[in-house]
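This structure is in structure tokens; I'll ask about it shortly.
For clarity, chains are labelled A, B, C and D in written order, and residue numbers in each chain start from 1.
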Amino acid sequence: MDDKVNYLLRLGDNALILSQQLSQWCGKGPALEEDMALTNVSLDLLGQTRLWYEYAGELEGAGRDEDKIAFHRDAHEFKNCLLLEQPNGNYADTMTRQFFFDTWHYFLVRGLCGAADQRIADIAEKSLKEVTYHLRRSGDLIVRLGDGSAVSHAKTQAAVDDLWMYSGEVFAYDAVDQAMVDAGIAPPADELRAHWLEHVGEIFAEATLAMPAPDAWMQKGGKQGVHSEHLGYILAEMQFLQRAYPGAEW
Amino acid sequence: GAEERAFQARIDAGVKIEAKDWMPEAYRKTLIRQISQHAHSEIVGQLPEGNWVTRAPTLKRKSILLAKIQDEAGHGLYLYSAAETLGVSRDDLLAALHSGKAKYSSIFNYPTLSWADMGAIGWLVDGSAIINQIPLCRCSYGPYSRAMIRVCKEESFHARQGYDIMMSLAKGTPEQKAMAQDALNRWWWPSLMMFGPSDAESVNSAQSAQWRIKLFSNDELRQRMVDQTVPQAEYLGLTVPDPDLKFNAETGHYEFGAIDWSEFQNVLKGNGPCNRERLRTRVKAYDDGEWFRDALVAYADKQAARKAA
Amino acid sequence: MDDKVNYLLRLGDNALILSQQLSQWCGKGPALEEDMALTNVSLDLLGQTRLWYEYAGELEGAGRDEDKIAFHRDAHEFKNCLLLEQPNGNYADTMTRQFFFDTWHYFLVRGLCGAADQRIADIAEKSLKEVTYHLRRSGDLIVRLGDGSAVSHAKTQAAVDDLWMYSGEVFAYDAVDQAMVDAGIAPPADELRAHWLEHVGEIFAEATLAMPAPDAWMQKGGKQGVHSEHLGYILAEMQFLQRAYPGAEW
Amino acid sequence: GAEERAFQARIDAGVKIEAKDWMPEAYRKTLIRQISQHAHSEIVGQLPEGNWVTRAPTLKRKSILLAKIQDEAGHGLYLYSAAETLGVSRDDLLAALHSGKAKYSSIFNYPTLSWADMGAIGWLVDGSAIINQIPLCRCSYGPYSRAMIRVCKEESFHARQGYDIMMSLAKGTPEQKAMAQDALNRWWWPSLMMFGPSDAESVNSAQSAQWRIKLFSNDELRQRMVDQTVPQAEYLGLTVPDPDLKFNAETGHYEFGAIDWSEFQNVLKGNGPCNRERLRTRVKAYDDGEWFRDALVAYADKQAARKAA
């Protein structure tokens, strides 16, 4: 598979799987305002997914449209990072996952705005406002939960400690990522990681949360299609109708 | 008393009542009940649709459904706010919902069993809701009427999107067409019941009509829904599950069969397929969210203390 | 659909859906002995499923084998009673669901041993020992949980009160069931119901559990393909591989 | 002392040690550690397979997999019982597992990602387990050796069933064949690591060998596994993911590449993909089941009291 197509699918898969997970909260959030905000983030990510998939499909030239890409690949063909497929857990888990992702996503998308590929730069430009809002929102919530009650602090710290090992995969560049750096598309890993650590560190300080060791062991594999056991269940549910009624138009 | 007469005169003159205005206690109570019931319906109504959002068959349909569910949360917000202008808190209203004291629309006690139900709910349930709600845009209580104007505008999108789903299915494979017909079969009668019992049976109607918080009778609105929907069903090539349905050329209306009100009463009593689950899901969401809401308060308190210091 | 085929599918679907639910407990039961016993019941039911489906497929004559029947029908074509698709919940919920089912199942299978259709009588005969063991086991556990600790009593009573409204569907005979009675195959509903009420009453008395009103409102629809919202998720998971890899042999 | 010498003499003479016999404390401790680790592996080993039981692709495969998982629970039972003969309780052993003090086989810290993993686990993991365990059927401790005889008989079924799954996939569609190859790629090296580090590294081996609770070296057993498995892979038309693998016609053995022991150590340290989840799942099952186990005890107490009265 072409490196650029692969990279675009990674971007789309991250957004789709997180959007799918967030949509499970529909009608079940801890407050009406959260329901709305989370659905909003889910919708934004879904919109971004469609843009990345559309471009990937065009570049690939094999006639795959967004739905073919979303609904007709099995787990090993998905390229999202492991972080995104981790279960929703409680709201602190969901928001911590979101904050880790949003921080990386913001700096990435900001970097992609200057990509040597105009289409990618355009999509990034279009997403930047959304992604900026996501980052502000999740950072703000982490601060309020971390520095809120004793209960919320404990839950958020537990979520941070739990999810930390999934936070590093985005910076573990393989040949595909590196090819994108070399092509003037993706920002380099260390640059993103430095920004990420700085921002997470600042927010955690304000949130009175302890930051785990940056050099802790990090899980990886998702980008290369080696996932956790969660993804299969997510896909079985998400893809049911397309699989059960092949060839139907909806 | 004189206040009541002046109040009624304002209503008769088409002047809106606002939150700060004097109003009879019964008017306030009736409105709180009606608005909060409507708000609860928006919130509980997210669940049957949320049941298919993770399984929507295309990314576009998923996106439309997500946006719809988000709108419903928004409607809930406007309506709770409108109710709050009458001097009741959202938490109190939610407590009444969770204890089973307050009602929400019985239609949401039916399960969503296939993707076609996302179409049928938009088309029939939102369709009926709009018919119910459009007159309320002109109701006497200002905050309520303004909330309904916003709600109705969005609901008409939802109804059209629902019809669009039905259209795709009706034009689709034989399985899809059967799915659409099955959904119509299951949602038709509950949708007619959404307008409530025949007015002959309804106790509070006369007073509410006088106050202009009920502008048409249940039967009038129901007839409007049938007249609007039957030709749409025909256009889809689907069969309305009512052997007695026929067009009366003289009146220009469709005549329809007798509604099984015992089913309505039974669902209202708590025996619908999903009453227990719907309420349980909401109560669980609220209870699970308590620590979160408390945390936001704790943080705000700390911030306030820091500023004061 | 032929009444007998329909009836056989109902029998098979009940057994399959319950077996599928029980198998979710694998490795997660409250004690090793329970893990083994529950897996055993799940296996028995799966074996019975296969016998009913095999016969249904043959009678139908449309070339559907057990896997075609299990993995290639959507929810509205499944004919299991609503009771079986209710979530596992805690172990008291699981055992109460099991006990309600086992009691009906035992008296039904005992009755089917004398069916005018020899193949059905043979399958029933073959299943009777298993079904008798299931009934003894779940009744015994209900007694021990009901008359165990205050906690187990409360949990079991809550499960009974919750699931009661799903216990009556098996006795709500429609034209298909009645045709099987008329054909000398199925035992009549009142006979089964009288046995069921008597046995459940006895066990509940021993278990110090309060029996809900026998004439309480009962949910139904499963036999006719009108299910709860749970079944779709069960099937999406169960059928994934057959749906995602059409035509593959496993 | 004299007792120790007599004890060793019995072992050397091939006489089984039984629970009531005198034994050195170190022998008892080593056995408890070894047997309980094996029991824990059976219990935790249910989880990666349980992950596919609800998604097995045919009713027959589902039935075989269910039976296999049930066997594993059974093996856990025999082995806990064997350990209990050494004067330790199942609850204590489980407490050690749940606190992370006791180990289970690291192989179960890898995820099962496709149906082919059910084949690969049977073929490679159970295959390796059997090679490890067959000698233990002749080990010096009677209860352990008898448990191992039962276990090995069932395990050999499991290995054959796993190979049968691989065969179906290898003969199947291109996607299925790719699934089988991918599973082999992921499970090959972890299966080789199951035998433990090279004996040069292993501390307790000499004493265990003298006591006849370790009858072959890790490297000997690993070689046996490779020799047995490579031709099977070839027969399946799959490629063993080791570029250095080659048959040495002189020795009659396959030579294989260097094992990445840093990965092994890392997984052992808790950094495998599933360490945390596996333990968490087991702890949750145990904790959630507490009220149930307590209830059985409460009921038994009541019954005993009733009988006494």
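The working rule: contacts are C-beta pairs under 8 Å (C-beta built on N, C-alpha and C of every residue); 3 or more make two chains touch, one makes a residue touch a chain.
Because the structure is predicted, anything quoted here is derived from the model rather than measured.
Most remote from chain A, judged by the distance between CA-atom centroids, is C. Computed centre separation for the pair chain A/chain D is 37 angstrom, with centres defined by C-alpha atoms. Chain contacts: chain C has residues 74, 232, 236-237, 240 touching two or more partner chains. Shown for chain B are the residues that touch two or more other chains, namely 55, 175.
Taken as a contact graph, the chains fit none of the simple arrangements: neither line, ring, star nor complete graph.
Here chain A touches chain C in the complex through residues 74, 232-233, 235-237, 239-240, 243-244, 246, going by the rule given at the top.
Contact residues of chain C toward chain D in the complex are 16, 20, 23-24, 26-36, 39-40, 42-43, 46-47, 49-50, 53, 66-67, 70-71, 90-92, 143-145, 147-149, 151-152, 155, 237-238, 240-242, 245, 247-250. On the side of chain B, the complex with chain C involves touching residues 51, 55, 111-114, 175, 182, 186, 266, 271, 273-274, 276-277.
Within the complex formed with chain C, the residues of chain D that make contact are 43, 46-47, 49-50, 53-63, 66-67, 69-70, 73-74, 76-77, 80, 115, 165, 168-169, 171-173, 175-176, 281-282, 284-286, 288-296, 298-299, 302.
By the touch criterion given at the top, residues 74-76, 162, 165, 217, 219, 221, 226-229, 232, 236 of chain A touch chain D in their complex.
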